[in-house]
Amino acid sequence: MRFVVHQKNKSEIPGKPIFIGTKKQDTIHITLMAYDDERFVEVTIETIEDILKYTEQYKNVWVNIDGIHDVAPIKKICTLFNIHPLIAEDIANTGLRSKSDIDDDFIFTVIKMMFLGKYQRLHAEQVSMYLTKNILFTFQEQRGDVFDPIRERLRNKKGRIRANNLSYLKYCLLDTIVDNYHLLVEIFGENVEELEDRILSNPNKDILESINKNKIELNYFKKNIRPAREAISNFKNYKTPLITKREQHFFNDLNELIGRVYEALENYKSMLSEQLTVYSTHVNYKLNEIMKLLTIFSVVFIPITFIAGIYGTNFEFIPELKLKYGYFIMWGFIIAVALSMLLFFRKKKWF
Amino acid sequence: MRFVVHQKNKSEIPGKPIFIGTKKQDTIHITLMAYDDERFVEVTIETIEDILKYTEQYKNVWVNIDGIHDVAPIKKICTLFNIHPLIAEDIANTGLRSKSDIDDDFIFTVIKMMFLGKYQRLHAEQVSMYLTKNILFTFQEQRGDVFDPIRERLRNKKGRIRANNLSYLKYCLLDTIVDNYHLLVEIFGENVEELEDRILSNPNKDILESINKNKIELNYFKKNIRPAREAISNFKNYKTPLITKREQHFFNDLNELIGRVYEALENYKSMLSEQLTVYSTHVNYKLNEIMKLLTIFSVVFIPITFIAGIYGTNFEFIPELKLKYGYFIMWGFIIAVALSMLLFFRKKKWF
Amino acid sequence: MRFVVHQKNKSEIPGKPIFIGTKKQDTIHITLMAYDDERFVEVTIETIEDILKYTEQYKNVWVNIDGIHDVAPIKKICTLFNIHPLIAEDIANTGLRSKSDIDDDFIFTVIKMMFLGKYQRLHAEQVSMYLTKNILFTFQEQRGDVFDPIRERLRNKKGRIRANNLSYLKYCLLDTIVDNYHLLVEIFGENVEELEDRILSNPNKDILESINKNKIELNYFKKNIRPAREAISNFKNYKTPLITKREQHFFNDLNELIGRVYEALENYKSMLSEQLTVYSTHVNYKLNEIMKLLTIFSVVFIPITFIAGIYGTNFEFIPELKLKYGYFIMWGFIIAVALSMLLFFRKKKWF
Amino acid sequence: MRFVVHQKNKSEIPGKPIFIGTKKQDTIHITLMAYDDERFVEVTIETIEDILKYTEQYKNVWVNIDGIHDVAPIKKICTLFNIHPLIAEDIANTGLRSKSDIDDDFIFTVIKMMFLGKYQRLHAEQVSMYLTKNILFTFQEQRGDVFDPIRERLRNKKGRIRANNLSYLKYCLLDTIVDNYHLLVEIFGENVEELEDRILSNPNKDILESINKNKIELNYFKKNIRPAREAISNFKNYKTPLITKREQHFFNDLNELIGRVYEALENYKSMLSEQLTVYSTHVNYKLNEIMKLLTIFSVVFIPITFIAGIYGTNFEFIPELKLKYGYFIMWGFIIAVALSMLLFFRKKKWF
Amino acid sequence: MRFVVHQKNKSEIPGKPIFIGTKKQDTIHITLMAYDDERFVEVTIETIEDILKYTEQYKNVWVNIDGIHDVAPIKKICTLFNIHPLIAEDIANTGLRSKSDIDDDFIFTVIKMMFLGKYQRLHAEQVSMYLTKNILFTFQEQRGDVFDPIRERLRNKKGRIRANNLSYLKYCLLDTIVDNYHLLVEIFGENVEELEDRILSNPNKDILESINKNKIELNYFKKNIRPAREAISNFKNYKTPLITKREQHFFNDLNELIGRVYEALENYKSMLSEQLTVYSTHVNYKLNEIMKLLTIFSVVFIPITFIAGIYGTNFEFIPELKLKYGYFIMWGFIIAVALSMLLFFRKKKWF
C-alpha cells in the first residue's frame, strides 16, 4: 500500500490530537513490557491506568500502542504521562515527516517503518516513539512490525539489552527500522542491476515503463529515508541526560548506517539516470533505422511514380505514347532509375 | 506578486534616499516595542521624535516601520539616529540583493522575507534591519509580516527573548524569515515530488509547462535565498561588540539552517533536471511511434500507388489493359504487395 | 561463466549449511599447509580429523578446501573447529555478497576471486576465509585459484611470509585477489580506451553493441568489487587481537589499493557514458543526413508530380492540352521547377 | 573590443622588448604619484630620468605608464630601474596570460583589467605591475582605467592607503581589478538569469543564439579570470620581504574574493548548460508536433490518393466506372477513409 | 607518430631484455656527463666499460643512452652496474606505462616524454631513468629530447644544479618533462577554446570531426599523463636514502604541478563534452528546420495532388468534368487550398 501524505490537515487546531490518515486498524491494542536486569514481565494492557503499576515497580517500561485512529486513549496516555498536547497531536497525525525532538527530559521521534507486506508490496508505517526517564511509548498505525527479534531478546535476556536502560532499547528499535531500510534498498538495488543487464542486452518497449516504475519506487524510498536520516542525525548534535555517552556512540553508528543506505540510494538513482540515457540512445538508433526505411522507399518510388504520372497526362501530342514499345521502354527506364537508387543506398551501406 | 528588480536605478545620486520600487502601501505605519527583563511597552508612533523618549528609558527598543515609499520619515529617522546617508538610500531601494554590513557600532542587514500571500501566491518583500546599541529598526515595504510569533513572545515574556538584548531579537527575526524559507521550499519540494510521480506514471503535454513553471519558481527562490545565505554567513566571519559570543552561536546555527535550505533547493533543482530528461526520453519515444506509423503507411501505399499510376499512363499499347480481368489482376497484385509489406512490419514487431 | 545470485534461498532455515549455487566441482579436495619459521609441510587431507594432528604441532595451519557443493565435510569441519552454524551456512552459499565479520576470536571473510579462465572469459568464484588463532580455512567453489605464487613463497621461505603468522597469510591471499582485480580492470580499461578511439574515428553500427557489452562487463566488475571494498574497509574499522598493529598497516594499504581499483572503474564508467553521448550525437548527425536526402527528393518531386497530375485530369476543356507543344512546355516547366528546387538546396549547402 | 591573443609571436628573440598586440594608443603618457604619510605629489612625467628625483625623496612612488606600443621608453625604464630584460619583454607583449612572478626583491604581476567601455561592450586590457622596494610601475595599454577611486584616496589621504607602503597600494589596485570582475560577472549573471526566465516561459528561435552569445561571453570571462586567479593565489604560496604579514592577510582575502567570482562563473556556466538542455527538449517537443502534422496529412491523404489513382487506370473493364453514381460512391468511400483516419488520430489525442 | 602499445609481448620470458616496440633509431649513442661542484666533463662513450673510469673519479655521473633497439649494450650496462634483469627488460620494452620503483639503493622510473616533433605533430617517447648512489642512467628511444636546457645549466654551472647530487638532477629531468606536458596541454587547450568559439558562432559539419580529433588527442594525453602522475606521486609516499628531505620537497612540488596539468586536462575534457552537447543541439535544431520544410511542401501539395488525382479518374459520369470552366475552377480550388495551408504555416510562424 502506498503511503498517503495529508499535508492539508496541518491547519487543524494545534494541540488537540485528531487522527489524520487512512484508518489502518479498528481496535487499539496495547502491550507492555517491563524489565530490569533480573525481572521481566509482558502483559496486554486493557485499562491505561494499569501502566502506572508497572512504572512504579520497574526501572524500564516499554508500552507499545497499535492503532492510533482512536485518539481518546492517546489523549488519556498523554494526559496521564504529562506529554505535551502538540506531541499528542503529532502522534495522531500519520502524515508527518520523520523527525526527532530531543529535550532534557524527553525524546520524541517520528520515523517511518518500511517493510515488505503481503504480496511483496512495499509498506511504510509511521512509528512515534516517546521516551522519558523510565518509560518508552511506541505508537504504531496497526499491529505487525519489525520489532519481534528485539522482543525475543528482551524475553530471553539475550545480548546486553536487558542490562541497559530504555534509551538503549530505543536505539535497538531504530536500528531495526534502519536495518530494514538497508535490506529493502538492497533488494531494490538488485532489481535495478538486473534491469540494467536487460536494457544493455535487449532493450524493448517495456523498458521505459520498468525504469519509471523503479524511479517511482526510488522516490518513495527517498521520501521516507531522507527525513529519517535527518531525524537520526539529530541525536548526534543534541545532548540530553537521557542518552549516556556510551549510547551516543551507538547512535553515531546508526547515523553512519543510514548514511550508507542513503548513499546506496543515490548510487541506484544515478544508475537509473544512466539507464534512461542508454534507452534514449537505443530509441534514437531505432528512429534512424525507421527513417532509413522510409527514405529508401520514398527515394526509390518518388521518381518512378513521377514518370508514370507524366505518361498519364492527356496532352494531345506526346511522342513517346505513339511508340510501339513505349510502355516497355518506360518500364525499362523506371527499373533503371529504381535500381540506380538502390545501388546508391547499397553503396552508402544503408541495407 | 513577482518581485521586480530595479537595477538601473542604481546610478542615482548616492547618499540621498529615493524610494525605488513598486509602491506597495500608501501610508507609513510605525510601531515601537520597548522592553527589558521587567518592563514591556508597545505603542504606535505618530511623531518620529517620540522614539527618543523610549530609547532613553528602555534598554531595548524595536521600531518597525511599514511602508518605505515615503522617504521623508526615513530621512528623518536616519538623521535623528545618525544613520549613514548611504544606508538610508539602501533602505528606500527595494531592489537590493540581501546583504549584511557589520561594523563596530551598527549592523545593517537587508534580507528578503518570503511568504505565501493571497491566493497562495509567493511573495518576497524586502526587510531592512538596522541595529545599534539599544535600538533596532526594521523597515518593511508594507504591513503584514511573519514576525507575529516573536511579538507574542515579547508580549508574554515567553522564552528567553525578553531577558536578552536586541541582537538576540535580530537573530529571532532573521530566524523566522529563514524558517519561512524552509517551509516554502518544503511545500515547493512536495510539488516537485508530486510532479515527478506524475511524469513517471503518465507524461503528457502539460508536463513540460509544469516543469518550466517549477524551474521559474526555483530560480525565484534561488535569487532570493542565495544572497540571503551570504548575508547570514557574514555574521560568522565578522566580529562586532554588538553580538556576544553566546549569540554568535545562534547565528552559526542560523547559517547552518539556511545552508540546509539551499541544499534542499539544489536537490530539487537536480530533480527538475532529471524530470526534463525523463520527459525528453518520453518525447523521443513518442516520436518513434509517430514515425513508425508514417513509415508503415508510406511503405504500404507508395508501391501500390505507383502500380495504379503505371496503368494510368496513356501508352497506346499496354498489354495488361486489354486483359479481361486485368483490373482484378491489378487489385490482386496490389493486395499482395500491401500484405507483404504489412507482414514485413509485423515480423519487425512494429505493430 | 556468469555468476548467479540466489537471493530467494535466503529464507532457508538458518544455521544449517545447504549448498546454494551452481555445482562447479564433483569431488572435494582438501590441502593443508602447516608451517612456522623453521618447518613446512604440505599434505592432501583425506580424513578431516587429520587436520588436528597438524594444528597441534604447528603454529600456522592453512587448510584449503576446493568444492563446497558437498556440505557434509563443511559441517564436519565447522563442528570440529567450533565454527558457528550461521558461518557454516554462509560458506555453503555461493550467492553471498563479499563481507567481513571480525570478532575477537575469529575473522570470517567472504570475497569474490576474479580471474580470466578458459577462452579469456571472466570468472568470479567465491572464496570464504575463516581465521582463528592458529588455523586459516579457505573454501573455494572449485580447484584452481590465484594463490599459487603465495604457495610458492611458503614452500621456498621467500619473503617474510613464513616468519609471520596466519593473519599475514590472510592479508597475502586478499592482496593477491585484489591484485587480480587490478589486472583485470586494467585490461578492461584498455579495451574501453581502444573502443573510444574507434568511436571517435569511425563510428558504425557495431559500436552500440560494443559499448553495451563493456557496460555489462563493468557492472559485473562493480557488483563484485564494490562489496569486496566494503569487506576490506572493515579491517580498518574494527580491532581484533588476531591482527597486530603492524599488520593493520598492510590492511590499510590493501584498502587503498582496492579504492584505487574502484576509482579506475568509475573512470571507465564515465568514459563509457561519454562514448554513448558521442555515439548518440553521431546517430543524430546521420539522421540529419537521411532526412536531408528524403527532403531533397520529396521537395523536388512533389511539385512536379503535381503538375503531371494536373494534366492527367479528364476535364473536357483544358487549353494547354490542345497546344501542339504542350507536352514539351510541361517538361520545360517541370525541369525549371526541379532545377530551382535544387538550386535552393545548393544555396543552403545541403549537398 | 575583443582581446586578441598573439601566441605565435612568442618565438621572438627573448629578452628584447618588442610591442606585440594591437596598437591601442598613439602617445605614451606617464604619471607619477609620490607619497608618504605626510606628503603627496602628483605629476606628469615627460623625461623618464625625472622619476629618479622622486624616488630619492619619497618612500613610495607609483609610476603609471599608459601606452606600451612604443618600446623605447619601456626599455629605458627597465634599464634605469634594473628590471630584467625578460620582464621588459613581457611588459611589451599584450598577449600574455595573467601571472605573478614573486621574488625576494621584486614582484611582477601581469593581469587583465576588465571593464565596460563604450556602448556597454566588454573590454580587457593588460596591466603589468612591477613592484620593488620603493617604486611601483604599472603599464597599461591605453589611458583610462578603473583606478580612479584609489587615486582619489591617495590624494585625499582617505583610508589607510597613504599610511601603508607600496605593496598595500598594489593590493588595492589588484583588489579594484577583481572588484570589477565581480561587478561584470554579476551583470552577466543577471542576463543569464533573465534569459532563463525567457527560455522557460517562451522559447523561440533566437534563444539558441542568445545562449551561444552568453557562452562566448562566459568563455571570455573564464579565459581572463582563470589565469588571474592563479596569479593571485601565488601571493599565498610564496613569501617575500616585500609583503608584510599583515598585508599577506589582505592578499588572502583577495584570493577568496576571486575564488568566489570564479565560483559564480561556474554557477552561470552550469545554468547555461541547463538552458541548452531545456531548449533542446523544447526543440524535440516541436519536432514531435511537426511530425504529427506531417503524419496526419500523409496518413489521411495517402490512401485516398491511392483510391483516386486506381480509378485513373485505363483498364478496359473496370466495373465501378460504369456505375451511374460510381464517382459519388468513390467520394463517399474516400470521405469515409479520411474520416476514420482523423477519428483514429483524435482518439490518440494527436489534435 | 602515434605511440603503439605492445601489450601482448608482456608474456615474453621475464628477465631477458628484448627490444619491444617500433624501431626509432639505428645506432646507439651514449653520452656521459660527470660533474661535481668544481669539475665538469662531457664525453661521448664508445666502449661501455669507459663509464667506470668516470664513476671512480666523479661524485655524479649522468649517462644518457639514445636508442634501445639494440639490447646488447643495455644488457652489458645492466650486468656491469648490477641492475636487476627485470629492470633491464623494462628498459627495452617501449610499451610500458609510466611507473616508479623506489627502493633503498635504486630508483627506477619509466616516463613518457612528450614533445612537438616535425610538422607540429605530437610525439611521446619513453624515457627510463635508473638512479643509484653516484650514477644516473637515462635510456631514450632516439636522439633528441627536451633536456638541453638542463645540459646547458650543467655546463655553465648555472643555478644550483652542479652543487646538488644526482637525485636533484633526476628531479630536474622529470620537471622538464612535466613542464613540457604543461606547455603541450596549454597549446591543446587553446585549440579547444578556439573551437568552442567557432562552434558557438558558426557550427558546421566539420565541427564534429574537430571535436572528435580533439577528443582523440585528449585521450592520448590522458593515457600518457595519468600513469606519469602516479609514477611521480610515488616519490611522495616512499622514502629512500637516495632522496634527501630537501629534495623530497621538490618532488612534492612536481607532484602538484602534474596534478594541475591533469586538472587542466579534465577541464578541457568537460569543455569537449559540453561542445558535443552544443553541437548536438544545433543538429537537432537543423533537423527541425529540415522537417519543417518537408512538412510545408508535403502538407501543401498532398491535398492538391489528391484533387488532381480525383479528376484523373475515368468514371463515366463526373459532373465537374463537363463544366465549361471546370478546369479553371479546379485550379481556383487548388490555389485556395494551397494558400490556406501556407497561411496556416505563416500563422504558426514556420517561415
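By letter and in written order, the chains are A, B, C, D and E; residue numbering begins at 1 in each of them.
Everything below uses one rule, namely that a residue touches a chain if its C-beta (ideal position, glycine included) is under 8 Å from a C-beta of that chain, and two chains touch if they have at least 3 such contacts.
Note that this is a predicted model, so its numbers are computed, not measured.
**Q** Suppose you hop from chain A to any chain it touches, then on again the same way; how many hops at least until you reach chain E?
**A** The distance in steps between these two chains is 2.
**Q** Just give me the whole-number Å value for how far the CA centre of chain B lies from that of chain E.
**A** 45
**Q** Measuring from the mean C-alpha position of chain D to the mean C-alpha position of chain E, what distance in angstrom results?
**A** Roughly 28 Å separates the two chain centres.
**Q** Which residues does chain D have that touch at least 2 chains other than itself?
**A** Counting only residues that touch two or more other chains, chain D contributes 277, 280, 284, 287, 291, 294, 298, 302, 305, 309, 312-314, 318.
**Q** When you draw the chains as points and link the ones that touch, which shape shows up: line, ring, star, complete, or other?
**A** Its topology is that of a ring.
**Q** Quick one: what's the order of chains around the ring if we set off from chain A and go to chain C first?
**A** Following the ring from chain A in the direction of chain C gives A, C, E, D, B.
**Q** Within their complex, state which residues of chain A touch chain C.
**A** Residues 187, 190, 193, 196-197, 200-201, 274, 277-278, 280-282, 284-285, 287-288, 291-292, 294-295, 298-299, 302-303, 305-306, 309-310, 312-319.
**Q** For chain B, which residues are in contact with chain D within the complex?
**A** 5, 7, 205, 208, 212-213, 215-216, 219, 223, 273, 276-277, 279-280, 283-284, 286-287, 290-291, 293-294, 297-298, 301-302, 304-305, 308-309, 311-314, 318, 320-327, 330
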